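All chains are identified by letter, namely A, B, C, D, E and F, in their written order; residue positions are counted from 1 within each chain.
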Amino acid sequence: MKLVTAIVKPFKLDEVRDVLKGMGVEGMTITEVQGFGRQRGQTEVYRGAEYTVNFVPKVRLEVLLSADAVDGIVEAIVEAARTGKIGDGKIWVTDVEGVTRIRTGEKGSDAL
Amino acid sequence: MPEIDSGDTAWVLMSIALVLFMVPGLAFFYAGMVRSKNVLGMLMQNFFSLGLVSVLWVLLGFSLAFGEDLGGGFVGALDFVGLAGLGEIPGLEGALTIPPIAFVAFQMMFAVITPALITGAIADRMKFAAWVVFLAVWSVLVYAPVAHWVFSPGGWLFQRGALDFAGGTVVHINAGVAALALIVVLGRRRGWPGEAMPPHSLPLTLLGTGILWFGWFGFNAGSALGANGLAAQALINTHIAAAAGMCGWLLVERIKDGKATTLGGASGAVAGLVAITPCAGFVNTMSALAIGAVAGAVCFLAIQLKYRLRYDDSLDVVAVHLVGGIIGSVLLGVFADAGVNDAAPDGLLFGGNAELLVNQFIAVGATLAFSGILSLVLAKVIDLAIGLRVDEDDEAQGLDTTQHAETAYSFGDVRSLGRVA
Amino acid sequence: MPEIDSGDTAWVLMSIALVLFMVPGLAFFYAGMVRSKNVLGMLMQNFFSLGLVSVLWVLLGFSLAFGEDLGGGFVGALDFVGLAGLGEIPGLEGALTIPPIAFVAFQMMFAVITPALITGAIADRMKFAAWVVFLAVWSVLVYAPVAHWVFSPGGWLFQRGALDFAGGTVVHINAGVAALALIVVLGRRRGWPGEAMPPHSLPLTLLGTGILWFGWFGFNAGSALGANGLAAQALINTHIAAAAGMCGWLLVERIKDGKATTLGGASGAVAGLVAITPCAGFVNTMSALAIGAVAGAVCFLAIQLKYRLRYDDSLDVVAVHLVGGIIGSVLLGVFADAGVNDAAPDGLLFGGNAELLVNQFIAVGATLAFSGILSLVLAKVIDLAIGLRVDEDDEAQGLDTTQHAETAYSFGDVRSLGRVA
Amino acid sequence: MPEIDSGDTAWVLMSIALVLFMVPGLAFFYAGMVRSKNVLGMLMQNFFSLGLVSVLWVLLGFSLAFGEDLGGGFVGALDFVGLAGLGEIPGLEGALTIPPIAFVAFQMMFAVITPALITGAIADRMKFAAWVVFLAVWSVLVYAPVAHWVFSPGGWLFQRGALDFAGGTVVHINAGVAALALIVVLGRRRGWPGEAMPPHSLPLTLLGTGILWFGWFGFNAGSALGANGLAAQALINTHIAAAAGMCGWLLVERIKDGKATTLGGASGAVAGLVAITPCAGFVNTMSALAIGAVAGAVCFLAIQLKYRLRYDDSLDVVAVHLVGGIIGSVLLGVFADAGVNDAAPDGLLFGGNAELLVNQFIAVGATLAFSGILSLVLAKVIDLAIGLRVDEDDEAQGLDTTQHAETAYSFGDVRSLGRVA
Amino acid sequence: MKLVTAIVKPFKLDEVRDVLKGMGVEGMTITEVQGFGRQRGQTEVYRGAEYTVNFVPKVRLEVLLSADAVDGIVEAIVEAARTGKIGDGKIWVTDVEGVTRIRTGEKGSDAL
Amino acid sequence: MKLVTAIVKPFKLDEVRDVLKGMGVEGMTITEVQGFGRQRGQTEVYRGAEYTVNFVPKVRLEVLLSADAVDGIVEAIVEAARTGKIGDGKIWVTDVEGVTRIRTGEKGSDAL
């Protein structure tokens, strides 16, 4: 079992979700986060004082998957979330030792 | 010159304040409905009307609207530019019991709020600079003449006997058709109608509704220009039409969609207020109730028009102000009651008299044509000159940061960290 | 028929607008205190009173309250149904210097806001449909008769000499005891009192407080029905009682809990406003200050009642309106000062006269009994017929989505994505 | 004793309500600009002025300000303590057409809002207890005497012929210089000016702006103490100065920073309102437009002062109220127009007369010196006695939880879970 | 050292926390997230336009634990968070290579 | 590739970010979270009812790193985020199997 975590631009979320759904992904968990990276935050001005906002709003997706599905899903997310402009985000994969569905107590891939 | 009556003056001064307060009310009514990245864009388009149009009104607009008629009832002369030589208002000599400068200020607030109504239609995609130009030109070239036609005793529709107590044609139809013209040129928001664009804060919209309802008492009952029985009748009519509008909208919504929503309640009240505007001082209380209820129900249904015809009237200015304004202006021809106000003839219902109804249709048609065409041309010209619309990236990021370099809300800890440049 | 005075009319028209504005004020005062999943539910229960009760008032309520007394001072006749034949108001012939229709509208706003006060007690758990039924029936069967007893010159409490300047019994005790009756049938919120249910937005509550304070000037000083020394005295009394109520509450709170809270400041001001309502035009400024301070302190302490007696009065309608209304109505028997208003006798303090105090107790007792019992019966009947309460899942999910299919706030990016069905 | 005029009374009663409403307006204007951990702290500092200063005004302040002059025009006698023996107001015998108690209430609102203006400068770091002490002492020892000098016919500046229609010196310069004195003792917020401290909710600030603008009509046009031509002129002047102030600020901001911001629009309107306050009833409409535009532009530039001189005037009370108040008070010496109000001489422009200008400078200087020095001493004494400032941890955590044991917003599910102690 | 991550219904959070506390868990970190899965989001209507909200508010718990405590804790969360209705959520376990307490610099299980 | 996750006090975020930036960390992702631990939440009072807020606002940082940089970065975060008072937070390290940059599709340490 693997966990794929992706940081993407918020307005790409709907597209990514559609693609994943189309590939049979049944669920995912979304967090609104702030990203810091090469992409510069916007500049704001309040009564003549100029601030650079350091953090850029991003969306973090977590998707639990069976190991063999990982590569395809990562590619699919890259496709769906790419704009080609700086700040498109990252995807990373970690190993998961066990998954349980709370409703039923099912374990492993049955829990997805 | 009749004497200035302190009671009448007190009521009109207060009414000026009430109509002023409608502008922030409207701003919040609309701002609550947009997504959180466009809140300030919406607020600013409204608040700036207070700044710019007020200045233009003093410099030019009042004179065009209420100056001595230049002939034909089309527009006023430039005698009052900068409010110079303001003595009596042409056609109201001997009739006003309030200081003329109070009349100027009262009418100024109408000039301010009318273009502000348009902003609901263009939400989320218009450049601020383009809006500023539209606002300035429209308030002088479109609003002032229409106000002259209808409100000035020298205006051609006034002369014909078309009635408009507080702005069904001048304010609501005028703004509503201009909104339609502007969005025809501006185009739809990206993603509309497929993407959900839910209101970011209905409490703000409800706050705006409360302020609008409160202020509308000044708008309509203030139009009696005195504190008397007519003002009181206009006030209760205004209130009961809003109440009935709320009930009407919610009833139909409940039947159609299964739920009575708060946004529906708010919208129905505004629809009732719009429709009663031209009628407030000419109909009796039960007629006002009927007009409000009809407006609530019909305006709700009229929203479907935009899905049929595929124009993106973001916050339903057409369905509420254009349709609501037409309902009120036309029903006035039906419900007008000389027993309420002997300055007006009985309408179809109480006098069996279709003449007024005809005049109302003429007034509606003339406003639609004049304002619709001029607004379309104006929008097109601005679009060619400087572009009406923000670019794709800016639309995605929102008007707040791209047009005003600000963010509406910073609740979390992270947003409020950062360094000064 | 005395002449209509334009100054008096101006002030009453304005007061109508001010009392109208109290309804959104109250809605926000309450809505800020509930959790974010119930914000719209609360706003809608209040705003809908503007819609429904206004219509019912014109159709029926005004006639029951201010129509010719049917005998015994219990209720008015149906002569004014639909405001038909509205000439002079029975018992006020020759006394009113404002248009009768303005009197109708002013009293309408009282009818609207009184049941709205109840919503604070029932927060977070009542079906919207059940509330609509309660609201409609209560405003006709409970509110209108009590208003007749006390406010109509033909009413039996008016005849006895019980005093109520602007609604201590009619508005606050009436709503407060109805709230208590309703929550007895409705039951407690799940989780209360163990679970924290902190206010979701105290700024909204403070906004509501500001609007209420502002509007209350119309409520109380407008009850003078003219712009004169009495109105001015009522206005300053209203203000100073609110100010003293804030100080009184905060002082006791600071001693008991160690902190002076903003919610406490707001609540104390409202407590002061409630208590001064019956007294505003009958006491002098220093008495008003004392009444306000007492109300602030006692209402704060009265909140503990609900924890003792285990009724879930969510936003403390009983402690503030019922207790505050009783404080004011009773203290009026103490502080009444014929030097302020010769329409009233001196009370215990200035006249050594207990008669007024006795009358005040009778008025309080009669309102408690009548409104309490009828409200209880009405709640029980509705509960049996359609159920008062949302089911467990809906209560957990909140009223906004389950009753109105809406969400109050969508700040983040994720919430504003989604597809139209 | 002239008769009480009901129209004049209606307008003044309404104006009292309008100025009252400015206090929550100001509270929201400021609260929107602070970070979300200090929202309630800011609201409470403002709202509590309504509680405390109102009580003190009735008990003491009114007498010091408007009691019989004790000689030298410095302060009034204690005859009106507790409003005892309030008959006619010294120096206004035979002139007032409103009930004297209405005059007391109107002036009370000025006493309440003036110290509230100070809170913008001290945001985010002052102990609530220290503020309470400052507020109480300042309103009695600083505000009441300055009000006596300028507003009471017995005051020395009044006698000299210095003019102040509605509070340029008494309100804005007085509060502005006190704010400066207080922050000199209080010190800067930790992290200022390097750390970004962006407004947590500009919609709240815009709401406050709308309420302030609305209320200011009562502030300035109410100062005519009647409903007449002068009030109407003051009202339109107030409005047009706000509008021009918005335009002026935005224009300069757009040139300097590249964007016209909503906070800029709001701030410019307030700057225009501040500057027109002393002038409202003494200048013509075009002069008001000019004064507003100058104030908008200059106040924007004056913000840079705090970065130069390194004082942390958090929300720019000095740049807007002190600088704006001086602009208005001085320009009145230039633009005063006896044609508008024959109670005043022509100024430099219309009369070629520098005498008024000299008097205006004297009034400005006297207010600066008296209020500045006393405020400095008072701040120092409180600092030594109980400490002005919260400790470092409390400043980091915010005023809301540390001073008031509350949190402004609880939107999420997690915050609203928790157990009652 | 292991990290147990659980997605649960928000109103179950208090119960879960109580149970874990009872079992000696000293701390945890909570994130408000949006879940996408079999559970349908609510339907909302704005002026006659019907939207289906795709995401359902959930709460994400992270608990650092020593490896031997994992099974018991997972069971306990399942018990406490279960309503039996769709959308009860998931629990997953990942391996953690090291933990540090910032205040003291302690490492490993001392850091918990 | 490793993932360093740190829970820190919100007002320490800026300092931590500066230090990491100084050490060559190019990006990170921030989440606003609620912490439960030894640190007690504040007490609030609403109309005489006293609540203890159980959760304390914290900030969660996620930093992807190459394995050899981990120890230094953890130390640096400890330094920058420490106040010495209870509630300073935790840092934990997990193994990451792969990282992808969405913009370019780059993998591994090139993706950082």
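The rule is short, and it goes like this: contacts are C-beta pairs under 8 Å (C-beta built on N, C-alpha and C of every residue); 3 or more make two chains touch, one makes a residue touch a chain.
This one's a predicted model, so the numbers in the text were calculated from it and none came from an experiment.
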Steps in the shortest chain-to-chain touch route ending at subunit C and beginning at subunit A: 1
So which has more C-beta pairs touching, D-E or D-F? D-F
Distance from the CA centroid of subunit C to that of subunit F, rounded to the nearest Å? 51
Averaging only over C-alpha atoms, locate the centres of subunit A and subunit F and give their separation in whole Å. 18
Can you list the residues of subunit D that touch 2 or more other chains? 5-8, 10-11, 14, 193, 195-196, 198-199, 201, 207, 211, 227, 257-259, 261, 263, 405-407, 409, 411-412, 414-415, 417-420
Listed in rising order, subunit F residues that touch 2 or more other chains are 11, 14, 30-32, 34, 44-46, 49-51, 53-55, 94-95
Between the chains shown, work out who touches whom and classify the graph as line, ring, star, complete or other. complete
Quick one: in the complex, what on subunit F touches subunit C? 44-51, 53
Of subunit E, residues touching subunit A in the complex: 2, 6-8, 31, 33-38, 54-55, 58, 60, 74, 77-78, 81-95
List the residues on subunit A that touch subunit C in their complex, please. 10-11, 13-14, 30, 32, 57, 59
Under the stated contact criterion, what part of subunit D meets subunit B in this complex? 5-8, 10-11, 14, 18, 35-36, 193-203, 206-207, 209-211, 213-214, 217-218, 221, 226-229, 231-233, 235-236, 239-240, 242-244, 246-247, 250, 257-263, 265-266, 268-269, 285-286, 289, 409, 411
Enumerate the contact residues on subunit B facing subunit E in the complex. 193, 196, 198-199, 253, 256-259, 261, 263-264, 267, 300, 303-304, 307, 316
